[in-house]
């Protein structure tokens, strides 16, 4: 790992971030949108871990942040899925295009 | 440590304690009368507020900088305790018929605790946790009109938008962490490695400024999302409209207000080195926010949605105030949030009562309300006047001081834009007034019998709206606290 | 003398009215309250005269100062000079008259009276204030009651007019607000008028913020071309509100132009004087011509108010002693006159249910009292000697003429010419409405004024005649204030 | 190129490829599986970075928790084999544009700044860890499970007790929220 | 110095009458409002006579009329500041006594008294009897105040008040549309003229730095700094002094119905006839003459421009009014044009006059004619009143042969007609001769006009006289065939006859007063002697006019009609008074209303207000334009969200750098 510059890792994380964002913007299914969000969060995690490892290895701030992000992502995903399921019951669909009753 | 810990965390602990008590009640039995529970919760919230008010002023830093508190922060938390109590009182009619009152309070108070941790956060981790903690349960609360499709839709929009927003926020934090190596917000003078110093240290190097600005923009978007700054506001109206009224009220007042506190701290301490950049950014966003909020509010037919856009416009005004010098910005923003709390809760309180009893939420439904419900009409009118900044309501003073704070920088074009927006905003507030007082209606809302608790809440709001402005010491007190900030 | 009573009494009355039951109680309480105000203002006049006679020559009398927002150096600071005393007296008279003409106002009479009293409160506070913040507070305080009064109890396109009025006045106060902020930050962080007068305000600040203040206040005074709220607002408003709007509200703006904009920033005032004068002249002439074409009595009076208030602005813009004196006199005179006019129009409308000139006629036969009042108001409006307008307008003319310079002279001549046009429209209106044969047989059963209407009219006529016949006492009252104004303007070095 | 570097590039390609497929494939179940792969790849990356604990948590929580949750929810709401609806062309275009532009912007800015550790740390050389720097505190057991555990429950400077407790509260709230919402309300269907 | 403080009571007594009758005349004082008003004016008249006696008597006693020393100096009997503008400028309420003002108070109060008395009978039974007397008192007050003014602005104030009372009295029969229109017209036309007056005052007072007559005249007639400044300042080639004076004269011309501002006067005859006698014949209409006389010392300095204007306008008005009078058939309108013509005489007499000494003959003649004219013209109007009272018509064609039914009126009217025609020894002869003499001495053209006019005057007055009192039985039948009229007013009451007699005596005798001993341009008495030979031409012309009138109208015949058709178009032109009214109507209706007023109102509603409404619509339009942003679709929101971030970042990193 001594031969890999930090920027390469950052390239991966940034790319993953925008892949996730692309998914979030294009996917019409709410669950796939949630999956895209998870990808984005993971890209952030990579950032934290990489920075911690490369630059600030004397402390574990980045690592801990990553751990908490993972936890929260789980909680968020759980609540989101609960809401989606509820929506599915009400709407019989989880197509994001159909959640536009309120607008303008 | 122990006693100091408890003393410092008193307000948070009190809230958490209530959550736990409610949890035990829930686990213990499900044969309780909802009214009793509501009464109990409101009493507990009252005690919580009283305890917070009586709390000894302390200035503490706990958990190695993760948590800090001082008089101003205690005051802020008390404001939110008060707001939560008012919302809770107003929600009485709605919750009475709702099977999940206990869960409502558990979630609501969790978010309150989250907000408290967020304002007291000394580092970005605690800030992030607090933010999420005030978001995730709120998304669930948005869904609390379980049988309404709009409620679910609102919840989905809320949670997905906020997930996206917090992801961007985190990306910004990670870049900031990469650049400076610390998560400390820099609010603690003792810490020698806090963020602003490091930021200032690296600002000279190539690309640092650009990267920091980018990180700041990402961070800003996180804040802006929560406080509905244009163009990060788009979720607001839909979520406000779909959510149950008390949740909307909570979203628009408490959650927004708390993020403002955090935001202003971050701006003036953490990002002090970037002050010139964020000043211009705030000016731009404030103008956009006021204009967009107002222009959308002009065309609304539903009261809740109108109030949503109005609250967006109000955010623009708060941003104006935020551009002033640290002390005036802090004082005027906090003061305005207090004022805004009373005004907005007054308006939402009426909406809550009417919505809970009749299910009507359109402006047209309010036509002729004054004939049948003068009390509600006056509460609504006074609250709206306060939102519009009409004397003698506190909103006048609040807006005056916000703009005055902003004008301290000498950017009068900017202030003129704000003044222009005050005029535009008057139009839609007056539309509601017109509907209530002037328009004829064959089928007006009938004479409503308001329960005691909501009535008390409304009266408190009116009193607050009338008194916080006229009593000059309120502002002076906040100012004196802010001066130390 | 505790000047805060002027704020407390209307407030207490308004609250009491809200608490009472029914029209009967509401109107008596309001009457008592407004009588109290009138008495109080006479006491003030008397005490003021006493103080001055006793040699108290301080700039303001009965000053009271209480810190309000210490953090911003904002005080509740009130005090009076002769100009304010006169304006307060005017307010008290008009409020009382307004209460009287609304004697049978319904529905929601207690709200009506209460709002009227709050309007009065705003006006008193405004005239008393020596702190710009307080002043602004009271200025804005008076906007919304107007909206409600027009929107709820008005006639015609009332909602539209009310909204227009509220938005335009609010724009005005927004401009004033910017001006105030500029003044605050441009002068060492103070809102106190007396203090600000001591501080030299830089030319840049003056140049930037004078227009804000002047235009802002000017909107209240129907500064062309921002006067369009006047016709709609006045014509839709219920009688008492019209009286108040035209009688006092428009004077708030004029007073602000004088006491704030021009007084504190005389250099800029002189710099912008040509523009002010051009606008004022346009308002005078154009307002008069526009009036000529109106068919609705209220529109006639509203447009004529635009024209008449142009005299105020002209006087202020001319910046000579006599012109400013005339402007102040015109404020008072126009206040009384237009209130009387609206009162009589209101009485006619209440009975005939129309205000269209071409549908009325011969009212003198069926309601001689009201018609006489109408004609007196008309004669006052066209500047008949012996009535107040003459005094005011002549003073403005003489004062304006003192200003050398062809443009100023031309403006004065045009302003003078407008009195002919005024005569044309006033005479046309009164000829068609009160004179001639009774046009509609239904009119012949209409009743003449009731006692309260008579009382209101007599009160206003008395004011008009007293000023018209004996203007010297009013002039003496105003003199020290105007002198101080001129001295201050002279100190900053530009006025002769 | 050392094995380690090769490893990195393979992992990276795997992560990005799987991620890309996860957001583009038309079948929702496949999408979930690609996500699983991508997340596993990231766990691998953590291993590669010698952050074993994080990698473990990644696998346990993400792979074991979230993805399973997602798959369950797919089963609840979808027929597994169903094709996902195609988004509007305009949306794809704008989204791709936004993503590409965003990436370009973000990466330009990241590249534009030469990340250096704050005073005291070993400076990077050409963006890479200096040879000796690899043996930092992390090597000395900084990121060891024990160390993490101690810090997690410490209330002192650098301790994470408060976040830990807050997160527990958050999880409690989230749990309540999930239960309340996802629970079938009996009266709802009358 | 004698005490003249009581003079203030002369105007104040009628004012008291106005206040009392105005407030209580409708109910409480209804019964005796006429008596009250008359009593008060009687007191005022007695005071005026006493004042005249005291002023002229004391003057004569002190210095001797013929001594040629100092004569009647102006006396400022009273003065207090009414409204002060600046140290120099203030409106003072003052009482100025000098020969002309004393002469005027006598004339005004006496004629007013006569009219008051006459009205007791004439207006009896009117519904608004009290109001009528209130207005009359108001007028008397204003007119007396006007003539006593010692301050130019004070004069202006009363000037306006006079106009207002004239308006009120013309419109007394407010339910007649024609009366309403006439009152309106009178007010507006004089108002327009007053505009000139006002601006003139502004100019004179600005340079004179005073509003006080005495000081003003002093400053502007001596080479004081003020005089130099006003004469050196010029506008369009004339000095501001001339401008100021001309403008002041315009005011006077309006009030005195000089061409082209005379249009209101014939219409003003819609008022009750006694009112016409008082206001539109004897007193108010001569206010313009009085004004010029008051400022005469200044006028005389601006001889070519300002005074020339006075002369030519006066002469032209005299001529044209006489011509118009020849064709009118409404007796009051004939009298109105004759009034205008006679005032024209007075005006041009002033115009041709010089200041001081013998040159001031015109001035003195003008005042003399004013004095005599007041008497005989009031008499004529009162006679007309009696006739109208009897016949219930103003049309000459409806009358005839009334000499037997109204013998007293007939005699009085004859006296008045002779007086106005300038037949010796009636009063008009003396004054008119002097006017013509003055004109002869300075301007032959004007003299010619005056001479011709005097012939015309005789013609139209006797046309009137013969039409009413002679010309066959036609009118008799008419009158007798109207039993209602006969029963109601079987005989003319004493209250109406008494003033006729008094005024007829005046018309007979007033010419004998040695007027030039009392009233002259500089207060110095002068002696006048008109050569007998000079009188031949005017008297002969007058007699010729009378003869023509007798031939045409003495008996029933169709000669007038044939004559009229013979001159066809010219007759129609004159009959329609040269279409001046129509021209005015065109200017006001078409130009002012349609070209200025209507566009102004339209612009206000559509452009100025449209701008305001447009702003509102613009805002609403923008609002509608951007509503798509809030599409309700979450992914759009996210896209905006990210665009916002990217936009901000790019803006602040690359563009808006600090």
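By letter and in written order, the chains are A, B, C, D and E; residue numbering begins at 1 in each of them.
Basically, a contact is a pair of C-beta atoms (placed from the backbone, for glycine too) under 8 Å apart; a residue touches a chain by one contact, two chains touch by 3 or more.
Small disclaimer: the values here were computed from a predicted structure and weren't measured.
When the partners of chain B are compared with those of chain D, the chains appearing in both lists are A, E.
Between chain C and chain E, the least number of touch steps comes to 1. Chain centres were defined as the mean of their Cα atoms; on that basis the chain farthest from chain B turns out to be E. Across the two interfaces under comparison, A-B and A-D, the one joined by more C-beta contacts turns out to be A-D. In this view the innermost chain, defined by its CA centroid being closest to the centroid of all protein CA atoms, is C. Centres computed as Cα averages put chain B at a distance of 42 Å from chain C. Chain D and chain E have centres, each the mean of its CA atoms, that are 102 Å apart. Chain C and chain D have Cα centroids lying 70 Å from one another.
Centre to centre, using the average C-alpha position, chain A and chain E are separated by 96 Å. Along chain A, residues 10, 17, 20-21, 24-26, 33-34, 51, 55-56, 64, 68, 72, 75-76, 79, 82-84, 86, 97, 99, 101-104 each make contact with two or more other chains.
Among the residues of chain D, those touching two or more other chains are numbered 91, 94-95, 98, 102, 105-106, 109-111, 115-118, 121, 158, 160, 163, 167, 170, 174, 177-178, 181, 188. Residues of chain E found to touch two or more other chains are 616, 627, 630, 632, 634-635, 638-639, 642-643, 649, 653. Inter-chain contacts occur between A-B, A-D, A-E, B-C, B-D, B-E, C-E, D-E. Within the complex formed with chain B, the residues of chain D that make contact are 105-106, 109-118, 121, 154-163, 166-167, 169-170, 172-174, 176-178, 180-181, 185, 187-188. Put simply, chain B touches chain E in their complex at residues 156-157, 160-161, 164-165, 168, 209-210, 213-214, 217-218, 220-221, 224-225, 230-232, 234-235, 237-238, 276-277, 280-281, 284-285, 292, 295-296, 298-299, 424, 427.
Those residues of chain A lying in contact with chain D across their complex are 1-12, 14-23, 25-29, 31-32, 34-36, 38-39, 42, 45-46, 49-60, 63-64, 66-68, 70-79, 81-86, 88-89, 94-95, 97. The part of chain E that touches chain A in the complex is made up of residues 627-628, 630-635, 638-639, 642. The residues of chain B lying in touch with chain D in their complex are 1, 5, 16, 19, 23, 62-67, 99-100, 103, 106-107, 110-111, 113-114, 117, 125-126, 129-130, 132-133, 136-137, 139-141, 143-144, 146-147, 155, 175, 178-182, 193, 198, 201-202, 205-208, 210-211, 214.
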